[in-house]
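Once you've had a glance at the structure underneath, I'll fire off some questions.
Letters A, B, C, D, E, F and G mark the chains as written, and numbering starts fresh at 1 in each.
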């Protein structure tokens, strides 16, 4: 029955082409425009930058993130 | 036979649109309104905030949480 | 042949509606009435409390526990 | 071809109703009578006790152990 | 529906024969020309070098990287 | 094509009834006669002993080892 | 489409009977002649030696390595 209702991937789909904030298990954070995702929560971000403790560490362009390193994805309008 | 009885996902389904408290493996806690979940226990919370040691760290809006980082979900009426 | 004999999930099934003690990988312990479980050992406990080093830390009401964080479930009559 | 020969689960099957010693990834040890197991190596022990560094820490009655926390099961006659 | 749109592996496919930067869970970094990948995100890099804290540690020639050790792949034109 | 050639499990099969040395992720080592294995690399050793830093810690008789705790199996004639 | 192009396992197949260097998650390194591999990246090396920090620690003969402990395999001609 929960299938007929909203699913978590719907929230990622609605966030396509918007900027999202991704928290990784290693404490790092990536911010970028969500270009693609799959059921493993592998992501591709564009115009990405990597942050640590709120500081921009690196500008990275286009980045593939492996889903199993991800804790949370903030899909609010940034 | 256990299939005919209540299943764990039923408890998540009953908590839809209610505020839940999610404990993660990294010691952080998310609180928000449960909008969506799937069989991997991926969740979407709305009006979410992140806490650590009982302190609100961040207000986050809408957040996708990857299921494999979750320890416990308190689905009691908050 | 081991299928025809008692299986581990049978022990969980027999513990439904009884109080169980759950040890997690992070050293925490949950105690509550077992309401539901599935093949991943996801559990729902009711009237749950969380303990650490034998001390009650929190009363939690109804709680969903993700199976992969569980080490042991004491299903003896409490 | 290895299928026609002895398989690891055969050794667990032969140990049913005997006392086994289970070493967990967190350094703890459970000893008890093996009542049930499955292909995930989930176990149920009866008259179980938990040890640490060779010391009995707790008598536990009937205990369900999740397979992915197990390192080794000593199935020698105890 | 997300299937009809761009998928994460498309970004890897577009990066074939280009230099990519791979961040591993152990803090190491590999840089090399992406020759092959699969759905597990196993990669083969050619003319690879391994870095740590921005320093070249080793020149390695052709290297197979197991997907489950990968955090991020920078697929921007290097 | 690699299927037509030698596969890793062939090496385990050839080591049946011989003494093998098993290195575990927790730094421990088991030595014993390989009686059984399966595709998960679950093993059963007979006349096993457990070592740490080259020292015999325990004589253990017959032991079941869960595959996911294993790093390496030395299948050379001991 | 990436299926029609070179796949990561092709690189392992081309390295059969050649010496490869395998980096493990625990910081150890194995060097030996690649005899066999499978889709889990389980490997068998012959004339293997184990190194740590560039030092030969052990000569080991024939060794089975479980795929999930592997980070990288240097398949360049050694």
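Operating definition for what follows: a residue touches a chain if its C-beta (ideal position, glycine included) is under 8 Å from a C-beta of that chain, and two chains touch if they have at least 3 such contacts.
All values derive from a computational prediction rather than experimental measurement.
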| item | value |
| --- | --- |
| Graph separation of chain D and chain F (steps between touching chains) | 1 |
| Touch-network distance, chain B to chain D, counted in steps | 2 |
| Distance from the mean Cα position of chain G to that of chain D, given in whole angstrom | 33 |
| Centroid distance [mean C-alpha coordinates] between chain D and chain C, Å | 18 |
| Two or more partner chains touched - positions in chain C | 9, 12, 68 |
| Successive chains around the closed ring, taking chain A as origin and chain B next | A, B, C, D, F, G, E |
| Touch list for chain C against partner chain D, complex | 1-2, 5-12, 25, 41, 67-68, 70-77 |
| Contact set on chain G toward chain F in their complex | 9, 12-13, 16, 24, 26, 28, 30, 35-38, 42-44, 60-66, 68-69 |
